[in-house]
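Okay, so chain A shows up in both of these, paired with chain B first and chain C after.
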Partner chain A sequence: MNEAAELDLQGLVRRYGSTVAVARMDLAVAKGELVALLGPSGCGKTTTLRMVAGFVDPSEGRILLRGRDITRVPAHKRDMGMVFQSYALFPHLSVADNIAFGLHRRGVAKAEVAQRVARMVALLKLDGLEARLPRQLSGGQQQRVAVGRALVINPAVVLLDEPFSNLDALLREGTRIELRRLQTELGLTTLFVTHDQAEAMAISDRIAVMNQGRLEQLGTPREVYERPATRFVAGFIGRANLFEAKPGAGGGLVSEDGIPLDAAGGAATYVLRPERVTLVAEPADGANAVSGTVEVLSFLGNGVQAVLRLPGGRALLVEGAAALADRFRPGAAATARWTPADLTAIPQV
Partner chain B sequence: MISLGHSFGWFLRLVAVIAFVYLLGPLFVIVAASLSDTGYLVFPPQGLSLRWYQAALADARYLNGFFVSVRLAVTVAAASLVIGTAAAVALTRFHFPGRAFVEAFFLSPLVLPGLVLAVALTLFFASTPLVPPGMTRLVVSHLIVGVPLVLRVMLPVLKRVDRSVEEAARNLGASPLKAFFLVTLPALKPGLFAAAALAFIFSFDEVEMALFVGSAREAPLTVVLYGAAQMAFDPTVAAVSALLILIALILMVAQQLYAQR
Partner chain C sequence: MNSSARRSLVAAGLLAPAALLFALLFVWPQFRLLGLSFGNPAPFGLASYERFLGDSYYLGVLANSLALGACVTVVCLVLGFPLAFLLARAETRWAGLLLLLTTFPLWVSAVVRSFAWMVLFYRGGTISRLLQGSGLVPPDFQLLGTFSGVVIALAQVLLPIMILTLYAVIRGIDRDLEHAAMSLGAAPVVALWLVTIRLARGGIMAGSLLVFSLSVSAFATPSMVGGARAHFMAVTIYEQTLELLDWPFAAAISAILLAISLAVALTYGRLLGEGREEAR
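What follows is the complex of A and B.
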């Protein structure tokens, strides 16, 4: 694999009895890179993270850290800083002592501990809270302590296990931008587990999309969105209209429900993103156009989401500008149109 | 505070008063009787005197009995705490076949009447030279109930402890053993106090096993009081009881003050 990989997972497998939690995971994380493990619950992303942390033994495969095999190294000797979903702060220790915990375990001299804790407190805007106990902090403050505790030890790899899921929506966005800034500034190699695709898209260098223990696709946020490798990725990352295109009677392509398609490739599964669809009132003929009834119109502030019910039964997803809500009412007839460039073939199914 | 309708509120208050009288009444009677100037136990007390307290403190049997009881209860509480907590950790952390059965088995002494245990232990000790008579036998006997008491308190406490806190400690460089002592044990502290107190009180209070298994030379206070109450029913017994109530009261107040700190 990659020579420069800071963290290298090679053929990682974890079985529980006859169930396979993680099936042959290969993933190389470069120095300073933030890679998200994204997938629905039970996809194996947390198990993968826990194997890297040393809390779960792999059934097969190796974990390399800077080229060194750490597969059998116990958790406390791995030099990784983990932020837990529940934060897992030490309830009986103050903010300062929580942050200093890892430094004390490493036998760092007292003066240096104080200095590094102070720097972390300033960096995370926890000033004045040093003597508080975790239960006296707000959720956001607790989250920052958990981050500070993991970063202060200068870990080789930072592991984030759904670190934003316990924050409310407003705080979540600010916090993830802040964490991303910190991660980039400090050049931290980071593995980030999340089930929230928007979160993964927002802050990751690359996303590893997992499903049923398998790595479905590894790529930059744009790659997984614009060129999904599998049907699962197409459906999980963003919203998608999928067409099974086969050669039709007239020589052109036709979808499984009879919509004539005009695409760059041949027979394949095609993704059509809702925002690529144009909704017009006047009927249109030919390929890449289909008429139906507007069923739902949801105003989302920055745009409108619509569902166009087709005669064949398909619910076509459409997204457009807010003006869409002025031009159409639920129950109105409308035609959806798109261009050949809007259809992206999925290489495998 | 109670807004459940006027009449129901009064009813609740009445129930509360009855409960208090029921719980505290006997204690009040004992303390009052201990202050009587008569040579026999009587309530309401006639005359007022502290001479039965003088008699109680002057009688070496009571003082010896008290120290035997304290020594016994402290030993039982400490040993129960270590054994019971270790067992609770094993039962909550490790999954092995028959785990539920082992848990039920460990808790079973709590449902046996003390007298049954006492008789069984008497027969057992008579047939084995393994446990020397005296204090050791008493400690061993009390552990049979003390360990399950600790187990019963610690099992739910351990089940509630967030495992990820211990993982966080390991992640930050603490060995599993260090993580347990640095992080898990402090989280268990309130539970450990409650468990130790339960075991202590049980052992301090226990009569049947002490009567059957203990030796006359090292009789705990309960046995001394039992003997005294059977022979001469003078207010000394009440005075000793009142002193125990006083000690319990002081400990409770101290605990409250400590908790509020």
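What follows is the complex of A and C.
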């Protein structure tokens, strides 16, 4: 990745007094790549983005843009197009003037400004709204203006700070697909901050999962889902059943709550994704099988989520086809089964 | 009686004491004053107004007061905006305390404060001595009794009002608007000019007009720091009322000052409304 890195964060640290907001962040973003910074609030993802934008000075480390050190370059000379969570549209300027703002600052000729604004307006389906003020637009339209204003300057890197969080659920999904299409078509190198793992999975080339200022894992959506590097990643990306497997009396592995396990590796923390669990009515014994009581059954449209309460107290998460709801009722006894291949060891330090 | 009628009756009842007090202690005397100003020659005459508007001395007093208002406003705006901006954008918990500190001049009585300025401004006072030492002014120079002295002393009192007004407005402007402008290529000063100052225009108007109207009608500081040569409106009204006992004339000057203040307040209201509309 490194030889083609468009944006390269090297050992980035940001401290606020004795609090460490970002600890040793290393991240290389390739040209045309969309990387998501994903994590819960306070994990340092927004601070990282603001350091790249030039609004926050790093305490340590370097930021390279196309090989050039821009760590001390002021924000207005960085050539970044940022979309803010609040959109930060200039309330006193029309849609067209908002989009043209960056072009005017760059001294682009009047005719070209008009042309590029018109192209952006057409691209983002803002036709007919050019003369409106931001407050006269819907949330979705405001978001598109914010995107247009950031993209029209042809920035080296696009920075997105939770750009979908102020949209309602229905609009959010359509908008993110649209933005991904635009990003791929224009080949935009993009850094995207979000706390929504489904959103990150849906549109990112790679995801940087952050927690408490640290980068927990960097990988493609499939990698972070199927081979989580840490317990935190396993729990944050999708839903997970975790087992602390130790050698048991009989020589096999046993979880911390006494479930016999049959896994490819030795003693480790294992992840079992809910959709890998099979729920059957007839009891079974041996490893990778456990009986309990169906506690919750939630119908989700495309499937069913169930919670199997085990005698040891654990709530085992199960996901299956909608038919599961026909075969089981809350309160019924059931057995959960899975295969050794369904257990993924977490290479945790 | 239906409930909406009852509600408006209750509202009227709650408003009555304040309205009565206002009518009795403000509206009624104000009308008496206005009546008095038209009382020369009795029963109705415009002699007092003719005297004021026809005498270059009194027109000079009016111009002097307006000039004082303009100068104090400019000084407060130039000194106040940067301070208000820094306080509004400071990422420290001391910002609140610092804002409180800037309001200290308001806590001290105008008379006490003006005495302090007199001490600093007279010929042997610290500030006058410093100026004499710099060689920029003649050796016997004193700021006491000068227009500049009054401007300095009044600006000190009214600066907190400007800062508080601007602070509130700037705090209401999303900081990310400045960030957005900068990320789009605007240098910080350009971002400040194109975004923050544009959006703070309502507050700048409000603060300026507030400081202006308070300066024009100020009495204690101009009369004490300005001394015998303090030819300002409020001081002239005082002289006419208590020293020359020409009440109709004093009433006419008051009415003129009131009309100016009223005009300023109305403009202020309209501009503020526009500013608010714009900042939304």
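The definition used in the following text is that the second predicted complex is superposed on the first by the 347 of 349 C-alpha atoms of A that agree within 3 Å, B and C clash if a C-alpha of one lies under 4 Å from a C-alpha of the other, contacts with A are read in each partner's own complex, and residues count from 1 in each chain.
Everything below uses one rule, namely that a contact is a pair of C-beta atoms (placed from the backbone, for glycine too) under 8 Å apart; a residue touches a chain by one contact, two chains touch by 3 or more.
Every value quoted in this text rests on a predicted model; they were computed, and no experiment measured them.
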- After lining both complexes up on chain A, report clash or fit for chain B versus chain C. clash
- Message: Contact-wise, after the overlay, does A:L279 reach chain B, chain C, both or neither (first, second, both, neither)?
- Response: neither
- Query: Which partner does A:G102 reach: the first (chain B), the second (chain C), both, or neither?
  - Reply: both
- Examine A:R135 and indicate which partner it touches, taking first as chain B and second as chain C; both and neither are also allowed. second
- Would you sort A:R149 into first (chain B), second (chain C), both or neither based on which partner it touches? both
- Message: Tell me the contact category for A:L167 with respect to chain B and chain C: first, second, both or neither.
- Response: neither
- Task: Could you give the residue numbers on chain A that contact chain B in one complex and chain C in the other?
- Result: 53-55, 74-78, 80-82, 84, 86, 88-92, 101-102, 105-106, 149-150, 153, 159
- Task: Would you tell me which residues of chain A are touching chain B in their complex?
- Result: 53-55, 74-78, 80-82, 84-86, 88-92, 101-102, 105-106, 149-150, 153, 159
- Query: Where on chain B is chain A touching in the complex?
  - Reply: 162, 164-165, 167-176, 178-179, 183, 186-187, 189
- Residues of chain A that touch chain C when the two form their complex: 53-55, 74-78, 80-82, 84, 86, 88-92, 101-102, 105-106, 135, 149-150, 153, 159
- Given the complex, residues on chain C that touch chain A span 174, 176-177, 179-188, 190-191, 195, 198-199, 278-280
